[in-house]
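Please read through the structure below; I'll follow up with questions.
Here the chain labels run A, B and C in written order, and each chain numbers its own residues starting at 1.
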Amino acid sequence: MTDPLEEVEEALVSDAELLAALEAVLLVVDTPAPTDQLADVLGQPIPRVQEALEGLAAEYTERGRGMELRATGEGWRLYSRDRFAPYVERFVLDGQRTRLTRAALETLAVVAYRQPVTRSRVAAVRGVNVDGVMRTLAARGLIIEAGTDVGGGTLYRTTEMFLERLGLDSLDDLPPIAPLLPDVDDIDE
Amino acid sequence: MTLAPEAPQAPPAPDRVRFQVSLHNFTGPFDLLLGLISRHQLDVTEVALSRVTDDFIAYTAALGDDADLEETTGFLVVAATLLDLKAARLLPQAEVEDEEDLALLEARDVLFARLLQYRAFQQVAALFRELEASARLRYPRAVTLEPRFAELLPPVQLGVDAAGFAELAAAVFRPKPPPTVGLDHLHASTVSVPEQVAILSGRLREQGVATFAELVADCEHGIEVVGRFLAVLEMYRARDVALDQPEAFAELRVRWAPGGDAGSAGLVDEVDEEDA
Amino acid sequence: MTDPLEEVEEALVSDAELLAALEAVLLVVDTPAPTDQLADVLGQPIPRVQEALEGLAAEYTERGRGMELRATGEGWRLYSRDRFAPYVERFVLDGQRTRLTRAALETLAVVAYRQPVTRSRVAAVRGVNVDGVMRTLAARGLIIEAGTDVGGGTLYRTTEMFLERLGLDSLDDLPPIAPLLPDVDDIDE
């Protein structure tokens, strides 16, 4: 069986396809991605990808698109164009963003009682993909990265702000859930 | 699925080593058997089993010390069934369908049924593979807010206190109830067939003969009646009783008649397996 | 002092500016945004915004851009284009997403169609011990414990993540197995 990636990589000989592929990847970039990482993902030489990135950024600006592609010290990421910031602000404040959703609270609960814990472990307990929710929790300052486990997965723990929000001095003050749940440790072994 | 390049129609001994290698392509006796059937281009619903029996036995023999006890046992059970079936086909057909014939037919049907079932789930698994491959082709944008927008957000509220948070956590960790109709209200008792055999043996030894209706007169739940019926079948198989039923749906009379060697307990085994 | 928002809203009389503003807002959308919410944020009539969204989606497709704008039942959201999935996957998963083995898929199939189901029942169907495979599936969040049966055996069911992974909305979308399998339920009762 041929590798599907090889097939599409050949398609990137066209500059237009390379730009589109870059755009697809940039859409899911959260923390700025360095050029070499993007080049690696696309299977293309770094200089070619660097040039494509610069071309894409220029194109967005020339055409007055709603997004900007900017490089910071760490790498490339898509941003909303400055000019439209007032709309974006309104959108951001419009939603029910002050209170956490039920899904976010449940995910936070798993992190709180299992910390330090990897994202995949949290996902296993919750039975759903938690990537987006974990990012939100991190962005809201409730959880933070805390090293890696033996398998190389990023570990997360709750923050001081989390304790503050619950009115607790330390994690030891978290009410035990064992009485509510006799066999808690068996659940995901 | 990859198989050894040549079918083992050649003498099995020199092929031993290759068998051992091929074995790891199979994840169990049903998998192996299906593989052999498809290699001989036989339909699983035809009487294909005697033709693949030799191959299967050869594979099983080559399992050797590689497999653990449970795995080997699984292969051996199927191999024994296959040998039984093949032997039955080689012997001249008897006119009368005695119990052993029936047992063989039953064994074959169960094996076919299990193979069909296994094949169906294999097909579903292949379908899952396709679904999985086509499912996630579009990845949604879900990135952290830029700091300039994130700063605008009011402080986050959890909306619960510490006790409420613990309650919520417990709810998350608690195993979810399966989405089924509860059956608890129907019956609580579990019925063991060996137990029922003991009860019936005691009574029949005293009374000599009884109708089935009399034997179940004291049962409170339907499940006990079922258990007692299975017990009767089991005792019949063990040749502890004789059954008399003049015609279909007529009254069934059970007579205490310990005769044959009271050995086989296959039925009991199956029931136990289901309880495990 | 004039409201900066009013000033820019006037700018949205141009269709091109409306598209760009929409694009800027969509960039921070992380759960599908309904048309009326977007119209509200942009201070424009719903039909005009609806039309703009459809126009933007069509434009992305016509120009073969790396992103797609799609409407689900709940609203609009940006996605990477399906054609570029291999690259996006490589970036997002960083090789973490391993393919399920055949044994795992078969086991998953039995759980999916027989749930809630005990481990011994699954083993009976597959004819082999499934303890290890079931543990792996649970660790990956594809199956989860779901109480116990009358005999005390732990029951398992599939999770949301399982549906997500197969691209199904609900268990009802699972293809019927009956045609493949006459009288399946009689076999191991």
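Descriptive notes on the structure:
Rule of thumb we're sticking to: a contact is a pair of C-beta atoms (placed from the backbone, for glycine too) under 8 Å apart; a residue touches a chain by one contact, two chains touch by 3 or more.
Chain identities (UniProt): A, C = Segregation and condensation protein B.
On a predicted model such as this, the values are computed, not experimentally measured, just so you know.
When chain centres are defined as mean Cα coordinates, B lies farthest from subunit C.
The most centrally placed chain, judged by C-alpha centroids, is C. Mean C-alpha position of subunit B lies 34 Å from that of subunit C.
Separating the centre of subunit A from that of subunit C, both taken as means of CA atoms, is a distance of 16 Å. Between subunit A and subunit B, the centres computed from C-alpha atoms are 45 Å apart. Residues of subunit A in contact with at least two other chains: 27-29, 79-80, 85, 88, 92, 125-126, 132, 136, 187.
Under the contact definition stated at the top, the residues of subunit B that touch 2 or more other chains are 139, 141-143, 145-146, 149, 175. Residues 4-5, 8, 16-17, 19-30, 33, 37-38, 40-42, 64-67, 78-81, 83-84, 86-88, 90-92, 96, 138-141, 144-145, 159-161, 164 of subunit C touch subunit A in their complex. Listed in rising order, the residues of subunit C touching subunit B in the complex are 26-30, 67-68, 70, 77-83, 85, 88-89, 92, 100, 102-103, 105-106, 108-110, 112-113, 115-116, 120, 124-129, 144-147, 150-151, 153, 155, 157, 164-168, 175, 177, 180-184, 186-189.
Note for the complex: subunit B touches subunit C at residues 27-31, 70-71, 74, 78, 110, 113-114, 116-129, 131-132, 134-143, 145-146, 149, 175-180, 183, 190, 273-276. If you check the complex, the residues on subunit B that touch subunit A are 139, 141-146, 148-150, 152-163, 165-175. Residues 27-31, 79-80, 85, 88-89, 92-93, 97-100, 105-106, 108-110, 112-113, 125-126, 131-132, 135-136, 138-142, 165-168, 173-177, 180-181, 184, 187 of subunit A are the ones touching subunit B in the complex.
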